[in-house]
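Pasting the structures in now, so scroll down.
The following pair of complexes shares a single chain, subunit A, combined with subunit B in the former and subunit C in the latter.
Entry: the complex of A and B
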C-alpha cells in the first residue's frame, strides 16, 4: 500500500547540544524518539509526531525543536494541502474525519474586532489597587422588583443563584475525555478561586464529591452517571443540549477509554463505547425542556439553579427566548470556535456561529422581550483572555466559561490529538502512566494563577473605563467600538464603529 | 535539617534529576559541557525502576551515618547544615561507604576515583537542582520528617 500522507512535522535535534539523556525517548507516548544502543544514537519517526512539545519542553539541553515540514504540494488556494490530505485520509479509511479542540480555520474572531473604552478628563478612571473594585457575580434568575415586609426584611421570593468571586467558570469537560487528575486540578482551583467547574456528561468521580460546592453537574443526552446523589452533589445542574464544536450531534467516547473508574462513574460496562445521542430523546420542544428542568429542580428541592447549555446556531436568539421561558435559571451559549475532545472535522469546522454574535443577539432579544432578568447568560467557545471576558460582559454576558485556556494552563499545547487518547501531558488520556504526569498540586496552582491574573486585568480595564462594579459593565455596549466591521455586523453586535 | 524527599506517586522516571545533578556537580556553565564524551557520569541521585514503578533515591544524610563511621580516609564529614559531604581530595575510592550505605545512595566514581553522592548542592546559591528541575514536583526539598 502506498502511504499518501507524509509527516506534518519534523523533529530537529541539535547534536551539539544533545547529551543523550533520552528524556525524549522516555516521555514520548507516541514513540517518536528512539535510541539505538549499537550505534549510541538517537533517531526519530516524524510520522508519529503530533507536535505536542513534551520532548521540547523537557529537554534539559534545549536541543530539540519541532518545525512544520516544508515538504509541499503544488500550491493552490483552492485545493490546499489540508484538503488534499483529508481526501487521501478518507480514501484510505472510508471513515468520518475526526478532530480535537477548536477549529483552526480562519473565521473572523469578533473579540479582536471590538475595542474597549477608557476614561479621559471628563470622567475619572479608577485605580483598582487603591479603590474598591467589585467583580463578584450572581448567576441566575433575578427578581423584577423587591418587596419588603413591615419589619424591613425582603418579602420577594429569592431564586437560587450561583455566587462567583470572578465572572469566569471552567466549562464542561467530562471525566473520560480528560483525566481524573485534570478534573482534580479544575475542582481544587474552582474552590480556591470561589468559582465553579463543570463535570461534563461523564458523571462525578466519587473522590470529587467533596468539591461539590464548586461543581456544576451536567445532564446530557446520554445521561451517563446521573443519579440522585450526583444531582444533589453539585451547586447547579446543567442540561447540555449542544456543544459549540459539534452542534446537532452527540458524543462518542471510545471503549478504550472506559476503564474501571470511568465505567463506574459513568455507570456503563467497561470497554463499551459511550455514545450520547444527538438529541435528548425526551426533549422535542420547549415544553419538553420545561419538564426536564422541573424534574431536576424537583429532584433537588428547588435549591439549585438549572443551566441549559446550547450551541450557538442560526436561530439562537429565538431558542434562548424559549429557554428563558422554560424555567431554566441560566443559559449557556457555546460558540462554534469552542473546543472538544473529539468531533467530526467537517462539523467542527463548518457548523454553528461565532459566540460574539450569538451573545449579542440573545441579550438583545431577551431585553426586547423583557425577560432578560429571568436568566443569567454564560458564554463560552473561545474566550481566550481577560479582554475577551470584558467584551463578553459588555455585550451582555453575566459570566464566561473557559476550557481551552484552562487546559493550556495545565500544559496542553493544542496539538489537537485528544482523540488519540495518548495525551503526553496527562490531560486527555486515561493511561495511568500518562495521567500521573499531571500533578494536581502544580495544575491547580497554575489554574489559580491564570484566573487570578485575568481578574486583575479585568479590574484594570474596568477601572480604566471608570467602572467599579461589573454590574455596571454588563450589557454596557457603549463601552465597545467595532473596528473594521460592516454596518450589518455592528447592528447585530449592537455597537458603534470606532470614531463614532 | 532540610532534606530531599521523593514522592514515588509523581515520579515519571524521566531521569532529568540525574542529569541536573551531574550538571550542578560539574561546575560547568553550559549544560552540555557537563556531558562531554556522551556517557553520563554517575549522579548523586538515581532513579530506581521496575515496570511502571519508579522513584529517585539519594542520600538521606542520616543522623547516625554508617558511611561516615566507616570512611577510612576521613573524606566524609558533616557540614554546618547537617549534610554529609565528601572531600574529593581525601577520598581514595575504597568503596567502604558504598558497601555500608543501607539506602544504596552512594555511587562509585570509578576505580580509585572519589565516590559520588548527594551534597544537597551545597556551596551553591540555589535549591538542589534535582528538586527545581523535576517536571512533576516528585522531588521536594523540605524540613525533616522522622527518619
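Entry: the complex of A and C
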C-alpha cells in the first residue's frame, strides 16, 4: 500500500558534533534512531518522530534538532495540509481520529484579550515583599450570615471547605492516563504547597493514600476503583460529568494500558477496556445529580465537600445554576482548550466554549440568582500562567485547576502523542522503563517551583492593584479591561474596554 | 439489636441512626428514605417497607433484607455484602458494583448491573426472580447476572438492548428466547455446565421459597462477550 502521509518532522543530526554515544537510540521509545554497527553510523526514521525533544534534550553534544519538514502540499487556505492528511488517515483505516492534549487550533484566547489594572497615586499599590498579602482561599459552600452563641462561638452551621494556601490545584488526570510517578510528583507537590491534586477517574494507588489530605478523589460513570475507603481517603470528592477537551464524550482507557498495577488500582481485570461513557446512566436531571451528591455525602458522613465537574458548553450558566442547587459544594468548569490523554480529534477541536466566557456567564448567573455563595467555582482548561489565574479570579473564580502546565513542569514537551502510550518523558505511559525516567523528587520540586513562582507573581499583581487579599479580587471585574473585543464579548465577560 | 420506627422520619436522621446503631438493625415503616446503609460496613439491616433510592450504595459487607419493594440504584457501587429484596426493584440496581450479591424476588427495572465489574476475588452477582428491563448488563465488565424469568416463561424475560457495550462477565437467562437485538460482540450459548449457576439459584431459593431443583432443571442460555477490548479498532491515532 502506498503511504500517502509523509513525516511531519525531520530529525537533523550535525555529524560534526555527534559523538555516536547512542543516547538518542536508547532514549527514543518510538525507535526513531537506529545505530548500524557495521557501518558505524546512526540513522533516523522521521516517520516515527513525534517531536517530543527527548533525544534533543539528552544529546550531550547538542548535535540534534527537530525541524518541521518543508516538504509540502500545494498550499491552500481551505484544504490545509492537516485536513488532507486526516482524510488520508481515515481513508486508510476507517477510524475515528484520536488526539491528545488541548486543541492546537487558533481559537481566541480571551485571557490574552484582558488587561489587569494597577494603582497609581491614589489607593497606592502594596509591596508584597514587605506587607501581608493573603492568597489563601477556602473552597466550598459559604454561610449567608454568621450567628453567634452567647459565649462568642459561632452558631451557624459550617460547611466542609477545602483550604488552599494558593488558589491553584492540579486537575484530574487518572492513573492509567498518566504514570504512577507523575501522580507521586503531583501528590508530593500538592502536600508541600498546601493545595490539592486530583486522582482522576482511575482510582487511587495504594502507595498514594498517605497523601489523602491533599487529594481530591474522582467518581466518574465507570466508578473505577471507587469504594468506601477510596471515598474517605481524599479531602473532597469530585463527580466527573464532563471534561473540556471532550464534552459529551466519556473516557476510554484501552485494555492495552491496563497493566497489573493499573488493574489493581482501577479494580478491573488486566487487559480489559476501561469504559466510562459520558452519561452517568443514573443521572438524567438535577434531582438525579443531587442523589449522587448526597449518596457520596452519606457515605462520607457529610465531612467532605463534593465537587461537580462539567465541561464548558453553550448553556453552562443554566447548568451551573442547577448544580449550585443540587447540594454540590463546588463547581469545576473545564474549558474547551483543556488537555486530555486521548480524545476524538473532531470533538477536541470543535466542541465546547472558552472557559473565560463560561466562567463569566456562570458567575454572573449565580450572582443574579443569589446563589453564588452556595458553591465555590474552580476553572480549568488552559490556565497557562499566573496572569491567567489573576484574570480568572477577577472574573469570579475561587481557584483554578491546572494540568498542562503541571505536565510541562514535569518535562512534557506537548508533542500531543499521549494516546500512543509511549511518552518518552515517563508521564503519559505505563511502560516501566519509561516511567522510571520521571524522578518523583525532581518532578515534585519542579512543580513546587512553578506554583511558588506563580503565587509570587499573583501577589505582585494583586499588590499592584492595591488588593491584599485574594478574596477581595474574586469577582472584582473592575480590575479587568478588554482589548480588541466586541461589545458582545465585553458584555458576556462583564468588563469594560481598555480606555473606558 | 436496634429497632427504628422510620415513620415520617427524614432520611438524614434515619441514615444517621443506622450508622450509629449496633450490628443488628430493624427499621419499620420505611417509606422512601434514601441512602439507607450507604457506605456502611458489617451490619445486618432488616427493612420493613419501601426504602428510597441508593439503598446500600458503596456498602461494604452489610446484609440487608427488604420486606417490600426497593427503588432505584440499589447497591450502587457496592463493594461486598448481600442485599435480599422480597419484592421488586427499580432501575440501575447494582450500578458499578464490584462485589457482593443482590437477590430480587420479583422483577427489576432498567439498566440492572450496568458497569458491573469484577476484580480478583471480587465477583459481583445479581439474581432476579422475574424479568428485567431494558439495557440489562450495559457496559458489563465482570460479574454474574442471572434472570430467572419466573412467570414469563412464554416470552423474553429481558427488555431491549440487553448487554449493550458488554465486555466482561456473564448474563444467564432462564429462557428459551434469545434476545433478538444483541450487540455483535456478545455470544450466546446454551448452558451445559450449571456448576456456577447452581449455588446462586439455590441461594435465591433459600430466601424466597422456590424449588431450586425445579428451576435448575430448566434450560438456560448464557451471554458472554467475545472480547474484553471492544473498541480498539475504532480509532486512528493522529500525531497532532
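The criterion applied here is as follows: the second predicted complex is superposed on the first by the 500 of 500 C-alpha atoms of A that agree within 3 Å, B and C clash if a C-alpha of one lies under 4 Å from a C-alpha of the other, contacts with A are read in each partner's own complex, and residues count from 1 in each chain.
Keep in mind that, in the parts below, a contact is a pair of C-beta atoms (placed from the backbone, for glycine too) under 8 Å apart; a residue touches a chain by one contact, two chains touch by 3 or more.
Computed from a predicted model, the values in this text were never measured in an experiment.
Student: Go through the superposed model and pick first if A:416 touches only subunit B, second if only subunit C, both, or neither.
Tutor: Touch status of A:416: second partner only.
Student: Identify the partner contact of A:26: answer first if only subunit B is touched, second if only subunit C is, both if each is, neither if none is.
Tutor: Touch status of A:26: first partner only.
Student: Looking at the overlay, what does A:95 touch: subunit B (first), subunit C (second), both, or neither?
Tutor: After superposing on A, A:95 lies in contact with subunit C but is clear of subunit B.
Student: Which partner chains sit in contact with A:143 here, subunit B, subunit C, both or neither? Use first/second/both/neither.
Tutor: It touches nothing on subunit B or subunit C.
Student: State whether subunit B or subunit C is in contact with more residues of subunit A in the superposed arrangement.
Tutor: C
Student: Determine, under the contact definition given at the top, whether A:60 touches first (subunit B), second (subunit C), both, or neither.
Tutor: first
Student: Give one of first, second, both or neither to describe whether A:432 is in contact with subunit B, with subunit C, with both, or with none.
Tutor: first
Student: Just subunit B (first), just subunit C (second), both, or neither: which does A:231 touch?
Tutor: second
Student: Mind working out whether A:108 is in touch with subunit B, subunit C, both or neither, as first, second, both or neither?
Tutor: neither
Student: Regarding the shared-chain residue A:484, is it in contact with subunit B (first), subunit C (second), both, or neither?
Tutor: Neither: A:484 stays clear of subunit B and subunit C.
Student: Give every residue of subunit A touching subunit C within the complex, in rising order.
Tutor: Spelled out, the residues of subunit A in touch with subunit C are 8, 50, 82, 86, 89-90, 92-99, 104, 221-223, 226-228, 231, 252, 254-256, 263-264, 267-269, 271-273, 275, 277, 281-282, 291, 294-295, 298-301, 344-345, 416-417, 419-420.
Student: In the complex, go through subunit B and note every residue touching subunit A.
Tutor: 9-10, 12-16, 18-20, 23, 31-32, 34-35, 38, 40, 52, 133, 135-138
Student: Give the list of subunit C residues in touch with subunit A in this complex.
Tutor: Result: residues 15, 19, 34-35, 38-39, 41, 53-54, 57-60, 72-73, 76-77, 79, 91-92, 95-96, 98, 111, 114-115, 117-120, 122, 135, 138-139, 141-142, 165, 167-168, 228-240 of subunit C touch subunit A.
Student: Quick one: in the complex, what on subunit A touches subunit B?
Tutor: It is residues 16-23, 26-27, 40, 57-58, 60-63, 432-433, 436-437, 439, 441-442 of subunit A that touch subunit B.
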